[in-house]
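Each of the next two complexes has chain A plus one other chain: chain B in the first, chain C in the second.
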Partner chain A sequence: MKRIFLAIAFAAVSTAASAADVGAGRYQSVLGDCEGCHGKNLAGGVELMTPFGKLVAPNITQDKDTGIGNYTAEDFRRAMKEGIAPGGKRLYPAMPYPAYARMSDADIAALWAYFRTIKPVRHVVDVNQLRFPFNLRFMMRGWNMLFFRPAPYVPDASKSAAWNRGAYIATGPAHCGTCHTSKSFFGADTGLALSGALLQGWFAPDLTGDRDAGLGGWSARDVVEYLKTGRNGHSIASGPMAEVVEHSTANMKGADLQAVAVYLKDLPPSAGNGGGASGVEAQMKSGAGIYRMNCAACHSFNGRGDSVLFPPLAGNALVRQAGAQTLVRVVLAGSKAVATPAAPTGPGMPSFAWKLNDEQVANVLTYIRNNWGNRAPAVSADEVAKIRARHGS
Partner chain B sequence: MSEQRALSRRRLLASVAALPILAATADGRSISGHLPWSPFAGEPPKPVSPLGWYFFTPGEIAAVEAIVNRLIPADSLSPGGKDCGCAVYIDRQLAGDFGQAQRLYNKGPFMPGLATQGYQGDLTPAGRYRLGLRALNDYTMATYKRGFAQLAPAQQDAVLAGMDGGKIALKLKPGFSTKEFFEMMLQNTMEGFFADPLYGGNRNMASWKMIGFPGARYDYRDHIDKHNVPYPRPPVSIYSAEG
Partner chain C sequence: MAKLLPKRDAVIIGLGWTGSILAQQLTDAGLNVVAIERGPWRDTATDFNIAYMQDELRYAIRKELFLKPSVEAMTMRNTRSQTAMPMRDYGSFLPGDGVGGAGVHWNGHTWRFWSSDFSIHSHLAQRYGAAKMKGLMLQDWGVTWNEIEPSFDKFEYLCGISGKAGNLKGQIVPGGNPFESARSRDYPTPPMKMSYAPTLFAQKVREQGFHPFPTPSANLSTAYVNPLGVRMGQCTYCGFCERFACGNYSKASAQTTILPVLMKKPNFELRTECEVLKVNLSPDGRHAKSVTYIDAKGVEYEQPGDIVVICAYALMNVRMMLLSKIGTQYDPVTGQGTVGRNYCYQTGSGARMFFEGKHFNPFIGAGTLGQTMDDFNGDAFDHGPLDFVGGGGINCIVTNGRPISNRPTAPGSPRWGQGWKKATVEGYNSSMGFSAQGSSYPVRENYLDLDPTYTDRHGRPLLRVTFDFPDNDIRMSHFMSDQLEKIAKPFGAKITTVSRIKKGWDAVPYQSTHNTGGAVMGSDPRTSAVNKYLQSWDVPNVFVVGASAFAHNAGMNPTGTVGALAFWAAEAITTKYIKSPGALVPA
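And then the complex of A and B:
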């Protein structure tokens, strides 16, 4: 009888312990936005268009044949932090192991405890659709040797606990730099971290303290509001960031968002966006007329938009990025803002591809980027034509 | 007889049984969480080509251009209906969905309706124009030995006034009166005169300039406080990118 009691007590304790792990691990998957690439049920299938060809996110459910059900905890830790799967198979850094290498072993173990509870889904994914020679996985051995500097996160004692927590999240599990840090010819991080980069036809904006293109004009509270609700008085998340907000940041704890904001607000300013356009009077004049006809009703004549529904263009850092790819894409294809529990409207912007030709899109964007105190390089019709051809209309 | 009734009852029961299934599929789409959205979406109206004719025959073109020019004569206010493209507008409408009554139920039974219910017969708008213009030509040939386009303006006005006032009865079809034909042409001419230029009429936005309508603008907040000051900007079309 006593033995049964003990057994029950032990079972209860161990279940409680693993339940805590599972909860913590589930939160790690929120921080890491696993769903963003591996899909809602983590069975894979999301396509990533890289400069080297197509990669498809693999099945990471517990299915033994098509998922990672055969992994041990150590296998998982190695894949996450070293980019090496069982059998020595090299992962591509589209799986952000260079960022995950900074995660603590405890967080990785918690994440694995959560993954063990994921329902196995049988789903074969043809992961590696890269062009030759990038499809040869052993090449990643050389890449890792050249560019991969795995280092656990080392707290900076001169900074606050919140700053360190924010730095850990942003550079570790949340892997912000995977999109927001520019990549070299070899796909390795280059230049100033988080100073903006072009990826998959979107320009992921500058997150440094630069006043033109970065978050220099945002308060820490603005950053928290944006990450929590998908919008604030400056901007609305759309494109790939809409998915990040929906799956990841909207579900982060308030204290963690605050920590991320503290860290981002402390980033030194980048070199800026290249400065304002000059000698573009004709573009500006035409752009003003196009703006009046097509944009002003929502974004208003003074560029201030309308509260949190229509984002302002005056003083909007997204408008002043060095690269205008995101803006061109939004004007051509339209855009759908994220809907979060805190801000469920998810306003949309219509497509203007049917109405504005390449030159008109270039003119109105040059106008928006250099009006109401905005300063950013001009946009050319050639640039618009390329983006229109690439994304279709 | 009884066999027939049994059959229809069986069929009725079968169709009643099928109803919930059909209703369920028809009602099956529910939207929650995300509103549907796709990039590059949009079904903009297609601007018509101003060249050539898609529906009217050469004889009909002459008659319709003469008619729209009498309904909207050139004067100090605006160019005439022909120069404004009203005939082109009607031609494109009759060649398209409107001409084929695409959005109307046009199967039998055909019963006389009330005046407020509009045309109730089996002819499409395209069919009514074809019949009406032929009957009009027959009438003017019999009365004046000329087609409508060759009549003097005063004679043209007399014919149109007669059609409108019930003094002239063209040989049409039961349920389609001469006055109805006249009113249809008047209605479509006005549409051509005032509609967005992308539909072929309202050339150079002549009618909008005439009445001071600024066109397809949708935001006047920069002007709303300027009382008794005319809006300074010229009219714009749906397809105007700049304004």
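And then the complex of A and C:
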């Protein structure tokens, strides 16, 4: 009788422990934004356009045939941290294992405990649609040899606990550098980490302390507000970052957001955005007129936007990035900001592709990038034409 | 055979202002709600593009956002002796369609009807004796001011209305409307900034001893975050409100105040381009089982629900009740029956003044940019020596300064050619107007029923509107025209014109989309279709929400009161009905 009682008690404890693991693991999947690529039910299918061709995020549900239901905990750990799936299959770093390599084994184990509870979905995904020769997975051995330096996160004793937690999240599970750090010809990180990069036609902005293009003008509170609500007094999340906010950062714990803010705010400034445009008086004059007619109603004549809804353009680091690709794209195609429980409106920016020609878009953006104290390189009509052609507008 | 769908706690017909408020409140109370909307999905970011929203030809002339007569027409006539004919185009009024309904393309005047409106019969009988109302079917609404005031407050704070209180808990506040009924707190945002015409109007009428105040506006003076966390922008005074959606998130509508929250709720579902054909009743006619609707592919569905809330436009609410046999058709001969009774409209007249050397810049405008005086509205003035009851708000609003429609010319100007062009250039910038929006009181002969001849695309009878301006209202309106003339004199205009209404309502030229009544609320089931909670007396699990419940129409725009009634009905459902389903007021 006593033995039975003990057995029951043990079972209860063990279930409780695993429930805690599952909860912790679910939170790891928030930090890692698994849904962002693998879809809401994790059955895959989201397409990633890389410079090497198309990759489709695989099914990572517990389905044994089409998902990862046959993985062991160790298989999962290796895939996450070494980029090697069972059978020695090499993963592509679009799956950000170079970042996940920094995660602790405990966090990976918790994530796996959560994944074990994911409903199996039978869904065959044709993952590898890269061009030859990039579609040859064995090539990744060489890539890993050259570029992959797996190392667990080592705390910096000279920094605060919050800084270390923020650095761990930003460079580990949240893999900010996957978009915000520029990539070499080989798709490996290059240059100063988190100083901005072009990816899939969007310019992921500089997150360093640079005052023009980076977060130099943001307080830690601004960073937290942005990541939690999708907006703050400086900017509003749209494009791919809208998805990151919706699926990941809006659901992060307050202390973790604060930690990420502490870390980002401590990043040394990048080399800047290339400085302001000069010799563009004609562009500025034309841009001012276009701005009054098309932009001022929401963003206001003084570029300060609207206190609660429309982002300012004056002092907005996003408009001062070295690369204007995001701006051109948003003006041409329009964009819808993220809607979060804290800021549910999700305002939209309309498309101006039908209304403004390449030169007009270039002029108004040059004006916006170099007015009200903004400084950033001019935008040319050729650059706009290329982006217009690429996005079919 | 309609496909039977799983049952929901509540089925809402129409997702305009009232449907959205009901859906929001009912889902908050935990109910599983489906809304069925005949028109398309519309939202600001994708459908109200700021870059082309001010396309007057597309939206004002070709009326893109309005109900098309091919979807639903109506037949109209002035008197019972005439044969009503179907209108080939909507003219005198323009119902909306699609998500947001007419709340998408409204001007934004957001009034509270007065305490004396909700108890109009008692009030007038006490002050003048019941004989004063001879020939009118004025009746109390069944709800009192103190009951309904919190619901007005909820609607104003949902919308972020810009205005100035005139009566704060009984204290008259200078600069606000001294005739309004006591409000519990001020408007959520300050009044809009005034341009020249309303500034001049306020100055001139104040000098004459009247009490001008900023017209309460749903075009917001400042950015605003409403209690749901939804954010609105500051109005840019572009002047494209009426007939247009707002691309700036600055005119309150379901889109700018509720839908961003509502659409994400797991216990809410919206089905667009699905037209409800009727509400299906149990064999004894005392309980609504479901609604039958038809989708865009022509497939019929039956959606069961414990509660059915009819939230279409006022006229369509009445038609839905008649088609579904909820309640009894009103008969103007016997006076029996309640559905279709007390149909009212609005009784307007206007003044325009042409000046020399003044520049009003009417392109700076907004649907509710202006000043109002209520000195001649409702029963704010003594009707003892007068041969009518009712009145109107006098509004000086600067909006619609648009190139196609806004071409005021002084009387005697050429009607075409160069002379006309010159006159429009002068008239556009150097003239200003103000108007009286008069009340409309119910009479026996004005009513709604189903047309005996004409049917819609599904073979259902069209709604028949039988309406003419009652003699009382004509006398009231002529009195208002006299006041406009007197008020205009001290402005010193070169030419002043004042319009005068005539008997014989004409359904063609645009007048007002303020159609009210037909399913009115009240405390007597013999004279009202719904009780004070907007619950059908006959089918207690049906609520009918909107201006259809107005027992008469006041000299004000209806939307503020429509919004308040929506919150009021929602509160009754969530706090009373779901705890104890059944008639909330014994019949």
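The rule is short, and it goes like this: the second predicted complex is superposed on the first by the 391 of 393 C-alpha atoms of A that agree within 3 Å, B and C clash if a C-alpha of one lies under 4 Å from a C-alpha of the other, contacts with A are read in each partner's own complex, and residues count from 1 in each chain.
Please note the rule applied: contacts are C-beta pairs under 8 Å (C-beta built on N, C-alpha and C of every residue); 3 or more make two chains touch, one makes a residue touch a chain.
As the structure is a prediction and not an experimental result, all values here were calculated from the model.
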Touching partner for A:Ala174 - first (chain B), second (chain C), both, neither: neither
Chain B versus chain C as contact partner of A:Leu318, first or second or both or neither: neither
Which superposed partner A:Met293 touches (first chain B, second chain C, both, neither): first
Partner chain in contact with A:Gly346 - chain B first, chain C second, else both or neither: both
Partner chain(s) touched by A:His391 [first = chain B, second = chain C, both, neither]: first
First (chain B), second (chain C), both or neither touched by A:Lys336: both
Touched partner set for A:Lys355, first chain B, second chain C, both or neither: both
Chain B versus chain C as contact partner of A:Cys37, first or second or both or neither: neither
Overlap of chain C and chain B interfaces on chain A (superposed complexes): 294, 297, 334, 336, 339, 346, 348, 350-351, 355
Complex contacts: residues of chain B adjacent to chain A: 33-35, 37, 39-42, 44, 217-219, 221-222, 236, 239-243
Complex interface listing, chain A residues touching chain B: 286, 289-290, 292-294, 296-297, 300-301, 332-334, 336, 339, 346, 348, 350-351, 353-357, 360, 391-393
Chain C residues within the chain A interface of the complex: 43-46, 49-52, 223-225, 228-234, 236, 238, 247-249, 256, 260-261, 264
Of all residues in chain A, those that touch chain C in their complex: 294, 297-298, 306-310, 334, 336, 339, 341-352, 355
